[in-house]
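Right, one structure below, let's go through it.
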Amino acid sequence: MLDLQSLLNDISQTLSNEVDRGKVANYIPELAKQDNRHFGMAIATIDGQLFSTGDAFEAFSIQSISKVFTLTMALGKIGDKLWERVGREPSGTAFNSIVQLEHEKGVPRNPFINAGAIVVSDIVLAGHQPKETIAEILCFVRCLANDDSILIDQDVAQSETDTGFRNAALANYMRAFGNLHHPVDETLGVYFHQCSIAMTCVQLARSGLYLANGGVNPLIASTVVPRHRVRRINAIMMTCGHYDGSGEFAFSVGLPGKSGVGGGILVIVPDKAAIAVWSPGLDPNGNSKLGTMALEMLVAKTGWNVFGA
Amino acid sequence: MLDLQSLLNDISQTLSNEVDRGKVANYIPELAKQDNRHFGMAIATIDGQLFSTGDAFEAFSIQSISKVFTLTMALGKIGDKLWERVGREPSGTAFNSIVQLEHEKGVPRNPFINAGAIVVSDIVLAGHQPKETIAEILCFVRCLANDDSILIDQDVAQSETDTGFRNAALANYMRAFGNLHHPVDETLGVYFHQCSIAMTCVQLARSGLYLANGGVNPLIASTVVPRHRVRRINAIMMTCGHYDGSGEFAFSVGLPGKSGVGGGILVIVPDKAAIAVWSPGLDPNGNSKLGTMALEMLVAKTGWNVFGA
Amino acid sequence: MLDLQSLLNDISQTLSNEVDRGKVANYIPELAKQDNRHFGMAIATIDGQLFSTGDAFEAFSIQSISKVFTLTMALGKIGDKLWERVGREPSGTAFNSIVQLEHEKGVPRNPFINAGAIVVSDIVLAGHQPKETIAEILCFVRCLANDDSILIDQDVAQSETDTGFRNAALANYMRAFGNLHHPVDETLGVYFHQCSIAMTCVQLARSGLYLANGGVNPLIASTVVPRHRVRRINAIMMTCGHYDGSGEFAFSVGLPGKSGVGGGILVIVPDKAAIAVWSPGLDPNGNSKLGTMALEMLVAKTGWNVFGA
Amino acid sequence: MLDLQSLLNDISQTLSNEVDRGKVANYIPELAKQDNRHFGMAIATIDGQLFSTGDAFEAFSIQSISKVFTLTMALGKIGDKLWERVGREPSGTAFNSIVQLEHEKGVPRNPFINAGAIVVSDIVLAGHQPKETIAEILCFVRCLANDDSILIDQDVAQSETDTGFRNAALANYMRAFGNLHHPVDETLGVYFHQCSIAMTCVQLARSGLYLANGGVNPLIASTVVPRHRVRRINAIMMTCGHYDGSGEFAFSVGLPGKSGVGGGILVIVPDKAAIAVWSPGLDPNGNSKLGTMALEMLVAKTGWNVFGA
């Protein structure tokens, strides 16, 4: 039988010797302050166990991982109509590219590239005030993790607002095609704040359990989303969850996952567990370098790979 | 317990009423002669059972499905060095696009787009005569299916040679970057012939079993490829197996698969079975329309979806 | 000897029978109100003669023609340093494309596509208040035309501000690369107002005389710009003045010119005259359809073609 | 009055001190053998004078300059129908790019990029044998220069054939769209041989005189092409004659010209003269570095700039 705690300890120990820890994201000033020596990891199983190591109780900026949660919310609000405004194909270009929008009339390739996530935020906004919507997203995430202490890091949110010119370009571009329904500033306000949610690995692993458990949050025995939709969200995490490194992640880890430039990765082991890992140093595709290595080690030992035991 | 035979019968029955059966590929004259009323499907399980329906014993042109087999062969020949000449990211553009090669210096995005498969053929060629290499590929596929009656359709091969200008453009373009090591005509000769292998659904399902069975061909109890490589081939089938409809296929079917413009699809159910389906009418992305529908139905009933039961 | 007045009358007469007059620009609501039956034309010669026909005394929105004037101003302010922030090559794509900026790190191809003109406005802004800069541009144009009655159409300016999402996307995108030095709203404020200057054909032809006269405005005998710079501005008008129809215009008219989506075209006959023509209906490239036809007729009769008598 | 001979001598003298002479083209092995210390220049006036300096009597490979002559021939054969198969807009990308063809269904942007020139060669081929067509092109050029000693450099032709994979890619790609009417090898055979014509600056300047003289070759008093077509060929030379440096050449030299990677440039002074310059070292856009500098000096002294005296 697997001794997950020992396994996490081994991984943490092995990676502590790693010299090349990747580069901390530098385009958001607040994130650039992070120390790439951090490493934390947590596993939450659907039967209620929790394993953790390293800095698993330290909060970090979840950034693009939030896109999984807002996608879940938006599908709850408008269902498959969402797919008229966002595609579900891998993007094949760098994560903040604007080129593809030109060819596809303002419809982003998938909900996990920035442009797609901004449309998703626009759907979640749904005519409400940005403040209300931001509160609604935070509430949803707290509910998933069953933890009311989760907060938005206002310094990060402000830093993103001050420097988010590429996202403003994307948003204005989609507005030109009629694919944003609210003023650009309001939609971006929601987007920047959702990205600035700060969570620990433990909170994040727990918040992903509904995707490992057929849509039911086992912490509070509540259905978050129907079973068939869980499979689809997981599928998009597999094909699009790691920007232009998604194929690589499927190849080397073989599990649905979503990374953020804060250095976090949320990974789903269907029908078994949710895993969160955090280390701020990134690889050239913008995914956590040590986080990916840790997941490769874990998968090699556990056989948790959807492509074959 | 699942009654797979009844399920196949139901699927076949339901689809027989389908009016919009997609369009037969028309850019290869020989393929354009196909009748889109054909439908066949076969399931081969790793424990030796076989289920089939419709035209499951009629041979068709496997086309791009052959890329799975040559990738397996090429990895056997040069191992991970292959990834220096071919990427493993979804392409994000139409299957015969040449644009991406310009940006990435002649290195195709993945081994399942045409450009990538041509490089793989060049690797399999490995300094031998094209005739020998074509024979070697055919032999390999016969061995996988444990069926020596499998043949190459020479009319299709000739038709592809006569009209394959786009593939000739791709090949010359990569040659300009030094990413083909043999004369263009030789490499293309291999490529056009592997695409022209004709197989039945039953043969195809059997030939895919090694990918469902940890690399071991259960028909002859022989190891084709190591276990870790199986997972990776399956991963690439998931993220890149359906041209620009790969995300859609992962979303709606949730299994690794590879389609061909002959109307066939080979699908792997890790640790359980291999499935082949054939219907010549294609959707706009070049994937079998009824084939995909059949797979969606099968997955809905069996729960064979790697993203959650 | 040329009888320019008779020639203009003939052209006007001929074109009055034209049925297919092109489509009025519809993406700026105020411009969409224009009537495509309008046609006006004026020729101002460097020796002080003026010829006109049709609606040559009716004001219209000069739109992108203003880019010639702000380029002249910006070169006056920072000289050839301007070319570090803007290229001078034809763009090869539609006039509002954002794709190219991705490849060239936020440096637009030339000063006559929207992105380039926004950078030029940013240079003219030069740390001042947008209101002051807008006044400075208007003053410059009045001086060129020697006519203080020229005004900015505030309804058009407001309409552009309300709907200019593509330009906002371009501006934010360039800001992300550091190629705008002022807040996006301020630079766009200048840009939208310069485009909203309303002029008649007569005023416009006169305002272009300095480019036909070695840099000297003959109306007031004042040097606007040195002789070598005039040649260069004319060269850019030739290669880049008509969006993705610049090659076509050089081919069929053979004179440096700059069009605007309001339906105006300003054309320079080096060492002889400046011509303005206006008809609101556009061809698919966004250039005045009847305006171009009128210029082709004029050139055919006068031999005013820089590529050979 | 201009003393052109002294001017040429001065230019030659000044440039002899230039240290950075650009890089000789290296992608065609035979051309890579050239010595970048060469410099020659010749001016032929329409009234029969000839001025020359440096290596003006040494033959070099005219390469893409041949595109001017084959365009003239093709227009003579099929007239404006040519424009259904080739555009006349600047390309906005590197000279051997294949990307644009994807977007425009196999129709090259203009006749001076490689793809466009290959279509033009296909038009000139017109059902004849490649050998006959090559002889016809050579004959045409000899006639223009009034010099039967002009030859094709067979070593260069062979070198291009052996290494021209990019051109083979372009040709196959256009064949896939039906925009080549002959077997790829035949059309490329013509193309590679026309590029391999060897001429001296004196021969080249003389051969361009018809474009400076309203279509009439003054050497033999024979009409080569109608006057209106001359203007159009000159216009395309202006907007497209220097690959992705065409805007720059119009900006700095202000005359229609066509460069070749052999280091030659042919320039037309409408109604006055034709100029040929040769120096094998190229700038990053593939245009002769010293050749361009020499032309800038000449224009500065003569005022031969179509954009203003």
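By letter and in written order, the chains are A, B, C and D; residue numbering begins at 1 in each of them.
Convention: a contact is a pair of C-beta atoms (placed from the backbone, for glycine too) under 8 Å apart; a residue touches a chain by one contact, two chains touch by 3 or more.
Predicted model only: the values in this text are computed from it and were never measured.
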| item | value |
| --- | --- |
| Where subunit A and subunit C overlap in contact partners, by chain label | none |
| Taking each chain's C-alpha mean as its centre, the one farthest from subunit B | C |
| Approximate Å spacing (C-alpha centroids) for the pair subunit A, subunit D | 55 |
| Interchain centroid distance [CA atoms averaged], subunit B/subunit D, Å | 47 |
| Approximate Å spacing (C-alpha centroids) for the pair subunit A, subunit B | 32 |
| Junction residues of subunit B, two or more chains touched | none |
| Pairwise chain contacts under the document criterion | A-B, A-C, B-D, C-D |
| Subunit D - residues contacting subunit B, complex | 97-99, 101-102, 165-166, 168-173, 175-176, 184 |
| Touching residues (chain side subunit D, partner subunit C) in the complex | 87-93, 100, 109-110, 211-212, 214, 227, 230-232, 234-236, 238-240, 244-248, 250-252, 254, 256, 270-271, 305-309 |
